[in-house]
Amino acid sequence: MPHSETESLPLLQAQSLCFARNDEAIFGPLDFELRPGDVVLIEGDNGSGKTTLLKVLSGLLEPSSGNVLLHGVPLTLAKLSHQVALLGHLPGLKLELSALENLRFATGMGGIRPGITPRLALASVGLEGYGDVPLRTLSAGQRKRVALARLLLVPAALWLLDEPYANLDREGIELVNRLLDNHAHRGGAALITSHGAYAFTSGMPRRIALRPAA
Amino acid sequence: MPHSETESLPLLQAQSLCFARNDEAIFGPLDFELRPGDVVLIEGDNGSGKTTLLKVLSGLLEPSSGNVLLHGVPLTLAKLSHQVALLGHLPGLKLELSALENLRFATGMGGIRPGITPRLALASVGLEGYGDVPLRTLSAGQRKRVALARLLLVPAALWLLDEPYANLDREGIELVNRLLDNHAHRGGAALITSHGAYAFTSGMPRRIALRPAA
Amino acid sequence: MKSGTTTSACLALLRRDLLLLWRRRGDALNPMLFAVIVVALFPFALGPETAVLARIAAGTIFVAVLLAMLLSLDALFRSDLEDGSLEQLVLSPHPLSLLLGCKVFVHWLTTALPLILIAPLLAQLLSLPPNMLPVLLVALALATPLLSLIGAVCVALTVGMRRSGMLLTLLVLPLIVPALIFGAGACNAAQDGLAYSAPLLWLAAWLVLSLVLAPLAAAAALKISLT
Amino acid sequence: MKSGTTTSACLALLRRDLLLLWRRRGDALNPMLFAVIVVALFPFALGPETAVLARIAAGTIFVAVLLAMLLSLDALFRSDLEDGSLEQLVLSPHPLSLLLGCKVFVHWLTTALPLILIAPLLAQLLSLPPNMLPVLLVALALATPLLSLIGAVCVALTVGMRRSGMLLTLLVLPLIVPALIFGAGACNAAQDGLAYSAPLLWLAAWLVLSLVLAPLAAAAALKISLT
Amino acid sequence: MADFFAMHGYAAYVWPAYAVFAIVLIADALTPLFARRRVLREIDSRQRRAASRKPT
Amino acid sequence: MNPLLLWFHKLGSPPYFYRFAGRWLPWLYALALISGCAGFYGALFTAPADYQQGDSFRILYVHVPCAWMSLFAYLFMAANGFVALVWRIKLSETLAMASAPIGAAFTFITLVTGSLWGKPTWGTWWTWDARLTSELVLLFLYFGVIGLYHAIEDRRQAARAAAFLALVGIVNLPIVHYSVIWWNTLHQAQTVSLLGPSKIAPSMLWPLLTLAFATHVYFFASLLARTRVALLELESGKDWVRALLPSPETGHG
């Protein structure tokens, strides 16, 4: 995997990043960078702008000032970067299709990492045997696991995960932590949000705190 | 408040309650009862049937066998009990209306406890000053708090809360615990669900564990 | 702890629904626009000959109004379902049929009434003979509440499904065809100079019956389809 | 880590959308049902005189088909938006216009094609003269893709809103009126025994233009309304 | 003068036309005034909200 | 930079434009009012009655200027929309959205006065003639732009989406204008021309031109007034707006 050349440049840089909705500041100027191997937790109370920040970093919302650089290149609306996997509140899965069909579509769209198949990925998130029933009949937590399986399959250097722990039971939380560890060891980076009410199994190395900008 | 006569009978009784969807058992025979002052936590992994159980207890789903008794009276589809407040995954709030308008509607429909007003209830869930903006512009956690304010306002002896802690920050979780304590002291009872991944501030007195029936 | 009275509950529901409508007043104009557009399409499709247009005017306006109402019916309970309000309504301590009656009334007030008010304009667009306008208006005033009421029963039946839009149409239409036949029939009779009061009286009788039965039926249907 | 090719992405999208449609095949029939119902209402509304019906047959069928497609347009991106798939599509490494083109193609294939296939039945219901049927079919075959394409641009603009149903109608209609005029115009000309190839050629030229421009415009509009 | 108002029998068409012109444009001229008042009121209440929130 | 460009650059800044518009507004309203009164005097008193249409032809003096304005306002809106989409200039977004309701008002007047004129001359209020139809479509387009703008919550995103729609709808303008040439219609063909000789008597022409001038000036006056309000709303969080208000009475700090 060619991440030797990217080692020198940070994967993601935020430079005095601000966001305002109808001129009301949501989060203040933020400066941080992610290098390969970094996993960073964004903490903040309800309404502090965590979801908004992830959307800005993925390019879905435009910052009101400041820059987002991916591999040193500014992220613009016209040219989104495709090294980024965003897992938002909405998982982007079709409830009428089965888990396997959803995953096959995802790999068709985004490519697939070498050495893994949709079925293997599903097994490694603890959903063996649930591959062929429509997603509609799975519970909230089971659906979340399917979305995690997609992260495993589709190659992306930067993961942006919005409250990945929500809806998951203890075992599910450990699963997320394991996935993040593996991703970091492979040279990826991840930014995840949480309001810190969960009993984590391992401490996160770095944190960014969001506070209301007003 | 006339809860002296109800003291003798349990508020809620489940008698060998089973639920099956298309002949697939979701939860096994359950027997438990709630008396005034009880707060019970339903624990179970993802997909173990917590949401389903609450719907059965409120009368929205019919058990496949067994009974639900409210004040000793069997709950039937035709005659739902109106002593029950259900707070599900969907809060039943209108995003176009403000928090106060939503709460006023709720009290118009369900009546109001003596000695409290919508504005006071909103203040006591930490949303002072947010009463007049459309709910659409509040974050996930802030909306959840509005739903909690409704619980405070509308009289109901039995609370059924589905994952009340989800989406809330630490302070919000403490708020829920405080609300539950007060409700219990007033002679109410509550049944809440969780998969136990939260860092609670106080232990729950009683738990019911749901395990996959299969 | 005392719970509110049924009257206050109905008033609260009416107030909330009207307030919601006011907040989304842009959307409230939509059925009107739709009817105008459907009517305006016909001259394009048929060519601008006044004689042809006048002949089909009353029928086309009737169809356009019914379609506009039909399409807005789908939204009658949908948003309440999506955000969980409908569950709360069913669990509330008041007669469900009365509450649904309130919702139907708001629906009529906010979709059918504007449609009836712009019917004269639609008539002008299709060059309907002016002396037929009163008959058309009376027929619409009788047929539209019928549609709201019958529609509510069907919506209540389909409310549990995702994307039931057109299935709903399918359910409502057979029930509403008689209203169309009598309503448009009265107009056509008037245009041909025949007596037109009999079909209107039939419509009225049917409306009275529906006013009593439809809310009860809707409440029963809703309980079936939610549980 | 290599990402998939654009061709494979388009194929994956086509396969998924068709599969979804198959899973919801009940819904897929809806536009057809709607068109049948609209057409079937007219004999009730106008009375059963064959001469009148035949005169308005082609125009009414055209209007019914356009309305049916219009109403199904709303769902083009809605479910993708609601479950977050649309965000994933925008963030994917392939040209958005191409992906949207695929979605439009599926839309046409699954709503317009069935409508064209049942057009002969509709023609029968309104006693359209049989020799006019081929003109009607050709006109529909040219006008319906136009509607899918132009509609996609408008849907992309309104996709960020809740409940945009009828606003969409308002946006699409002015843009689609010419297609209706030319399409129905060709039919009416044929009925009067006049030459009808000129309007059809106009439609064809316009279709070619839209095929090239509309996907690009839709992609631009979608980016505007998502961000 | 009455002759002038009668417009040789076209009064029913001419005067409404001028009236529509006047009414619509006057309404158009007034909307910004009302909108301005509404916006100022909104800004004021928003600032008050911000001011009341800050101390807590 | 050349001074004109520099001035345009400065004009693009909301606070500057707000003050600039505030200075010019009274003058524009006054000019529109005066020239409008002069035009109406000519239209009602000095112009002779038409030998064919009698006094009904006096509707021309409201119909035609408004018809021209309905097209001009759309063009203006689309041009600003283009600038807004390509260069993302906030002021252009605002100008484009402010011209939509004014244009819709003129279109509405055109349709109503046209109908009022049609009844005595053609014997019907409305026919489905190409010009009338395309003008109605123009009204729907204006409604679509306004509706889209109000249906989206984020003001800037709403403006961009509506501007995009306005650009797509511009294909309708040539149809309105040339419909009388392309199809033979009931409606009057072009009679007034600024460049070539007009087919209309000078005593009938000058009030028309004066009124056309007045409506143009009015358009810009109304545009500036609306833009000022819109800028206030858009920039309500900015310091220059706070400075405009009487200092908030919660003045403890």
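Going by the order they are written in, the chains are A, B, C, D, E and F; count residues from 1 in each one.
We adopt the following convention: a contact is a pair of C-beta atoms (placed from the backbone, for glycine too) under 8 Å apart; a residue touches a chain by one contact, two chains touch by 3 or more.
This structure is a prediction, so every number in the text was calculated from the model and none was measured.
Asks: Where the contacts of subunit C and subunit D overlap, which chains show up?
Replies: In this structure, the chains that contact subunit D and also subunit C are F.
Asks: Would you mind telling me which chain pair, E-F or D-F, is linked by more contacting C-beta pairs?
Replies: If we tally the C-beta pairs in contact for E-F and D-F, the bigger total goes to E-F.
Asks: Where the centre means the average of the CA atoms, what chain is farthest from subunit D?
Replies: B
Asks: Going by average Cα coordinates, which chain is farthest removed from subunit C?
Replies: Comparing chain centres, A lies farthest from subunit C.
Asks: Between subunit B and subunit C, what distance separates the C-alpha centroids? Give it in angstrom.
Replies: 37
Asks: In whole angstrom, how far does the Cα centroid of subunit A sit from the Cα centroid of subunit F?
Replies: Chain centroid spacing, subunit A to subunit F, equals 48 Å.
Asks: Quick check: how many Å separate the C-alpha centres of subunit B and subunit E?
Replies: 50
Asks: Scan subunit B for residues touching two or more other chains and write them down.
Replies: Correct list: 89.
Asks: Do you know which subunit F residues sit against two or more other chains?
Replies: Answer for subunit F, listing residues that touch two or more other chains: 133, 140, 143, 147, 151, 236.
Asks: If a residue has to touch 2 or more other chains to count, which residues of subunit C qualify?
Replies: 24, 26, 33, 37, 44, 47, 79
Asks: Spell out the part of subunit A that touches subunit D in their complex, as residue ranges.
Replies: Listed in rising order, the residues are 1, 58-62, 77-78, 80, 82, 84, 86, 88-97, 101, 104-114, 134, 155-157.
Asks: So in the complex, which bits of subunit D are touching subunit C?
Replies: Within the complex, subunit D contacts subunit C at residues 24, 26-27, 30-31, 33-34, 37-38, 41-42, 44-47, 52, 55-56, 58-60, 62-63, 66-67, 71, 75, 79, 163, 165-167, 169-170, 173, 177, 180-181, 184-185, 188.
Asks: Touching residues of subunit F toward subunit A in the complex: what are they?
Replies: 154-155, 234-238
Asks: Which residues of subunit F touch subunit D in their complex?
Replies: Residues 85, 133, 137, 140-141, 143-144, 147-148, 151-152, 157, 160-161, 164-165, 168-169, 172.
Asks: Touching residues of subunit F toward subunit E in the complex: what are they?
Replies: Going by the criterion above, the answer is residues 29, 40, 44, 49, 54-56, 58-59, 62-63, 66, 101-102, 105, 108-109, 112-113, 116-117, 119-120, 218, 221-222, 225-226, 228-229, 232-233, 236, 241-242, 245, 248, 250.
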